[in-house]
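Each structure below appears as structure tokens.
Look at the two complexes coming up: chain A is in both, with chain B in one and chain C in the other.
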Partner chain A sequence: MKIREIVFRKIKNGKTGGAAAFFFAVLLSFTVFAGTMLYSSLSKGADNLKARLGADIAVVPKGQESNYQGIILNGEPIECSFERKYESTIRSLEGVEKVTPVIYLASLNASCCSVPIQIIGYDPETDFVTTPWISDECVSKYKEGSLIVGSNIAIDEGNTLTFFGRVYEVSARLNKTGTGMDKSVYVSFDVIKQLIKDGNEKGIKFGDESSLSGEDITEKYVSAFLVSVKEGYSVDKVAGLIMRDVPGGIVQSKSLYNTVTTGIKLISDTVKMLIISVFAAITFVTAILHIYRVNNRKKEWAVYRMMGGTGTWIRSYILTESMTLSLLGGIVGIFFAALFYFPFSDLISEQIGLPFFVPGILQIIGMVVLSLVITALSAVIPGIIAGEIASGTECYVLMREGEN
Partner chain B sequence: MSVVSNNIVKEYKRRGASFTALDDVDIEVKEGKITAIMGRSGSGKSTLLNVLAGMIKPESGAVTIDGMNIFEKDLRSRDKLRAEKIGIVPQSHSLISGLTAYENIILQNSFSEHDRQSGEGTLAEIVTFLGLDELMDVYPGSLSGGEMKRVSIARALFGNLKYLFADEPTGELDNDNSKKVMELFRSQAERGKGILIVTHDKLVADMADIVYTMENGKLSLL
Partner chain C sequence: MKNKVIAVVTVVLGLTAAIGPRTIFPVCSAAEMKMKCYYTAQWELVVGIIAALVGVGLILINDKKIRTVLSVIEIALGALIVLIPTAIVGVCSSPMMHCVSVTRPALIVTGVLEIVTAAVSLYFAVEDKLGKGSIKVAQLEN
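This part shows the complex of A and B:
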């Protein structure tokens, strides 16, 4: 019989005394897998955020800065109005490359959702933020006047969504990004006008000003301006010029991204510390457990030695058994972590409040392998120590001690 | 070819005082012969068996197996030599839990380079002869003391090793099974195996070719 056959037979029949070591391996791999998944999901979310931000500066009504972050990060619906006349003021400033207005409209009665969702209106004539990645993802599907929905928006049968009693065709669904954009609906200004008109007819007011029509909102008022800075110009300097000439608040993409990455760094540092602490603690506890169970099986080692098993054979056996127990525990731990993580990823994402994107299958496989390797490694040193103890004692002494 | 010991001395400490377990012991276990050592409990019989198998190192004296002085070799070489040449039936229960009786028997081959095929051939004979056919899939926890002893004997004979050292092989067996075991040992000796039996059972000793007695660590030919 080969060592691994003996090990598997004994584990299968529960004769290794390794239940506690198995349990700690479950705990370790659960922590490593869930921790690395969390970190990867946040990193991927931040990458998606960076790719989608598009503009260097967002100019929003004074006091709405944090609400703007809420839209981008979590898709929290807001409405705000800003006089559109400032568009030309911003455009004329030195260092400004492009400016586009954007309208944020909170829908109160969409057919898709039990809570208000964010409708993002873009101006097709000047837009440089939304259209590029809508085109990237939906170039063959997009139809003028239709809706494009984020990945988290549920649509009605027949690919439609109803706002204020009017049915709109959904021409495309965007890929998941893990940001607030997944909970938003994208429409051109023409659709915005229609939405507002329908809303007004139902007695719903939009914007800070009361009784604004669709024309008012798209032509006189918008929610924010997104600004791209010319290459070679300082974003801070251009932001300063905007603040001088426009009575609004400024949100810089880099500061928004920095806010996110700072949050992620904090979480990733915590996760790293947790994994290192759990690894160290479990390696220590596992060492004690392996030494204990090896000491309880002195007679077994004596029998192997009696049959001609060398010290190397005993060491290999104990190491194989320790690592197998850990690997099996590792598989179970990953299974439980996956059972906890995947169904509840949206809830976790909401609780954390940062861009969150579950990585792809290859990356997940990588993390499964990493978790198994770390869990198996936690059994190497304990297995070697236990093997040394069992192999270093003379056979006859082991036999006698085993009988006591 | 044989297992020979010359002037073996082994001392133990017991409650602070040393006592001599083996006192200048000479013995030869010859191929094709059954050699028995008789004596009371604590007379040093088991210690001698363990010294001859290379499992206990004596204070002085030499043990040669087929001309090789085993205590001039390191522990690993002695372990390997045992795996290649000596099947051992220990006095106490020695089956590995979690493995069936069959797996316990073939475990012997995990440590040697012996031809597995020929081992399997003789195994069927041995198992049938010892009445173990029905017990091959049974785990040690469900075997009686006598059954465990018979499995242990089958394991020591598996692989057709050159020597068999058995410590009280009939200790937990009834008369019928004791006779069977001795018949089996006889047939194995006739095939050239050198057999050493440590026993306090006179009937077993009577069936041996050469009988020694041991008292207070001293061995004498009967």
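This part shows the complex of A and C:
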């Protein structure tokens, strides 16, 4: 009979005395898997954010800078009014490549949701932020006057959404990004005019100016301008020029991205420290536990020795048993971490408030393997120490120990 | 003893599935209209109570055959606890709703734990019924 067969049989019969070591292995693999999953989800969310930002600079009304970040990161609905006449001013500045106006509307009574959602209006003639994503993912389905929805927006059964009593066809759904953009609905300026008109008829006012109509908002007022900077020009310098000529606030994509990565770094540092501390503490505790359980089975080692088992055989046996206990604990720990992490990922994302995207299957498999390797490694040194103790004592002494 | 402990766990999980959607991880409020998650909570109440009663049966009954049957029923009920919010009835369609981000995951976790616990109970019941088997003499390598 091979060593691993004896080990499995002993574990199955519960004769190893390794329940505590098993429990600590569960704890370690749970921590490693959940920690690495959290870090990967946040990194993936940040990558998606970077890819999706599109513009280098957002020019928003003064005092609305943090609200703009809220739209991008968490999809928090805001409305703001900025005079559209500044579009030509920004366009004429040195280093500016493209400018496009956008309108952010908070819908109070979408048929899909009990909570307000963000409606993002774009100008199809100048847009360079939203349209590339539409053309990349759903150009064949897109129809004029229809809606494009983020992945978190629920639509009605007939593939429609109702805003202020009017039914709109949904032509496409964007892929999940893990950012606030998932909670947004994208519409062209024509649809925005219609939405505002319908809202006004129902007594809902938009913008800072309470009397603004749909025509006013798209022609005279918008929420923000998104600016792309020519290659070779400094974004900071162009932002300075905009601040000089336009009475608005500036949000740079890089500072938005930096805000996110700073948050992620803080969490990833905490996760790393947690994994290292748990690994060190559990390796130490496991070593004590393995030595204890090996000492309790001295007569068993003596019997193996009498049956012809060498010291090397006993060392291999104890190392195999320790690592098998850890690996089994590792599998159980990963199972529990996955059982909680995947179903609750939306809630975790909501609570953290940073872009969050669960990684793909290959990356998850990689993290499972990593967690199992770390858990198994935590048993190597304790297993070797325990094996040395059991194999280093004479058979006669082992057998007679405890007798008077 | 271990059978009783496992049976108590199945009772606790059954009660969690029954009353959780109304208390610990509530579904959306049905003040104006009853949404899908409201009916999920109703179904979970029924299935959860049955699971708890089957668990009580596992505590009280020692007959191996009956324990095997009850464990299989408990596994099926655990699967139902998972399937009601995910496939059979469902929850609200918007991922931003509380029932989607909290109630459904909590019921999935409760249901999976119920299945695992009942599977362990089934394993012990079958093992007890068959006996532990004869001990074979181990041949050591080397």
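Operating definition for what follows: the second predicted complex is superposed on the first by the 401 of 404 C-alpha atoms of A that agree within 3 Å, B and C clash if a C-alpha of one lies under 4 Å from a C-alpha of the other, contacts with A are read in each partner's own complex, and residues count from 1 in each chain.
Here is the rule we go by: contacts are C-beta pairs under 8 Å (C-beta built on N, C-alpha and C of every residue); 3 or more make two chains touch, one makes a residue touch a chain.
These numbers come from a predicted model, not from an experiment.
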{"item": "Touching partner for A:153 - first (chain B), second (chain C), both, neither", "value": "second"}
{"item": "Contacts of A:106 with chain B and chain C, given as first, second, both or neither", "value": "neither"}
{"item": "Which superposed partner A:300 touches (first chain B, second chain C, both, neither)", "value": "first"}
{"item": "Which of chain B and chain C A:183 touches, first, second, both or neither", "value": "second"}
{"item": "First (chain B), second (chain C), both or neither touched by A:2", "value": "both"}
{"item": "Contacts of A:311 with chain B and chain C, given as first, second, both or neither", "value": "first"}
{"item": "First, second, both or neither for A:344, with chain B first and chain C second", "value": "second"}
{"item": "Partner chain in contact with A:14 - chain B first, chain C second, else both or neither", "value": "first"}
{"item": "Footprint overlap on chain A, where chain B in one structure and chain C in the other make contact", "value": "1-3, 6, 13, 304, 307-310, 312-313"}
{"item": "Touching residues (chain side chain C, partner chain A) in the complex", "value": "28, 92-97, 100-102, 104-106, 108-109, 112-113, 132, 138-142"}
{"item": "Contact set on chain A toward chain C in their complex", "value": "1-3, 6, 13, 112-115, 117, 151-155, 183, 304, 307-310, 312-313, 339-340, 343-344, 346-347, 350"}
{"item": "Chain A to chain B touching residues, read off their complex", "value": "1-3, 6, 9-10, 12-16, 299-300, 302-313, 394-396, 399, 403"}
{"item": "Interfacial residue positions of chain B with respect to chain A in the complex", "value": "50, 53, 55-57, 75-76, 79-84, 86, 88, 90, 92, 94-99, 103, 106-112, 139, 155"}
